[in-house]
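Order of writing sets the chain letters: A, B, C and D. Residues in each chain are counted from 1.
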Amino acid sequence: MKVLLFGIAKDIIGTSEFEVPSEPKYPSTVLELKDVLVRLFPDFGKLSSFAVAVNNEYASEDVSLHLSDEIAIIPPVSGG
Amino acid sequence: MKVLLFGIAKDIIGTSEFEVPSEPKYPSTVLELKDVLVRLFPDFGKLSSFAVAVNNEYASEDVSLHLSDEIAIIPPVSGG
Amino acid sequence: MYIEIVDEIDTAQVYKDLSDAGSGGICVFVGAVREFTNNEAVVSLEFETYKSMALKEMEKIAAEAIEKWQLNKVVMRHAVGLKKVEEPVVVVGASSAHRDACFEACRFLIDTLKERVPIWKKEVFSNKSVWVSAHP
Amino acid sequence: MYIEIVDEIDTAQVYKDLSDAGSGGICVFVGAVREFTNNEAVVSLEFETYKSMALKEMEKIAAEAIEKWQLNKVVMRHAVGLKKVEEPVVVVGASSAHRDACFEACRFLIDTLKERVPIWKKEVFSNKSVWVSAHP
């Protein structure tokens, strides 16, 4: 399961795409994905906000994830 | 005493400069000037508003008029 | 501060006039000729001004806005003469450090221009022409 | 509706994009790089985006505004890459029959863009660089 990284999320992991470990199993929801990432990279827990987009839409924590989804981490936005 | 006319004021009098009659005497205040004009051209009384500018500033009705002043009739403005 | 009465509005120029190293926000309003007024087709608008006084009033309005909102730059430019549908007739704008100030100032500039600046607009329809706002 | 992520903002173009025979009012906001943030001299800003999602979010915001304020045309254009002091980074604008609608819509477009659109800004100072808003 691949996630796209932008802004400070890219700096935290050090790459623009991260392969989420399949062991013990892939995260099945947005909430599980966030838990995995915060466990592996505690700096995610220090951000002002930390959202996930699934197929180009903001996804709430109960949204299910599939291997075919385009998944991205959305750290606090700051356009404009 | 010359007054400058714009917009509908020019249409009412039919000229862009009007020479105020000196008989019996020139109007000595803005209020007197407005009275003279409404008497001579009753259509001024039908406007939504009818202001006078003296030397490029809006003038209240008690402002005194002098022959050296630049006097203008300001019908309702509608710029923009 | 750019205060002008012009024959033609150049909308491409206004951003350059307002740009400033201290400005994070620039807000611009352009007023243009609309094809219909109360469902009647407008052929053109004709603008007339008392130029010396109009410039003086616009300068006062700009100075008031600069003081109130701590603006970096201000533009107020109004066209005169015959204007056809879609042509710009007025452009006002302000630049400031943050966006609140430039939005509020820009709105003030156009609202106050419409209230106070001696400019008159005649709407020309196919069968008549009317000085706008002249009568109640 | 003009929704774009671009390398350079052309501010001279936006009026042409928004002009419309049914529009009496056009309001435009331009955001630019300011030389100071909290009294520290900014060298440049660097913008990054998740382009496919950013375009989708901007389209949603524009559609919301068009429906709410009955706009004739909308522009939302954001730049990416390195931007120096005074360079424009974002332009949003709306045209409508009357000026209330275009002012309110323009403010909504920029405010909502800043809240929701996946674009990230790094402020580069002489001795450090900071992702804006990343930390509380």
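Going forward, a contact is a pair of C-beta atoms (placed from the backbone, for glycine too) under 8 Å apart; a residue touches a chain by one contact, two chains touch by 3 or more.
Source: prediction; values computed, not measured.
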Reference chain D; chain at largest CA-centroid distance: B
Whole-Å gap separating chain A and chain C, where each centre is the average of the chain's CA atoms: 48
Inter-chain centre distance, chain B versus chain C - centres from mean C-alpha coordinates, in Å: 26
Interface hub residues of chain B, defined as touching at least two other chains: none
Residues within chain D bordering two or more other chains: 31, 110
Inter-chain touch pairs (all): A-D, B-C, C-D
Touch list for chain B against partner chain C, complex: 4, 6-8, 11, 46-48, 53, 56-58, 72, 74-80
Sites on chain C touched by chain B in the complex: 31, 47-50, 52-54, 56, 78, 89-90, 110, 113-122, 131-136
Touching residues on chain C, where the partner in the complex is chain D: 11-12, 15-16, 19-36, 85-86, 88, 97, 99, 102-103, 106-107, 110
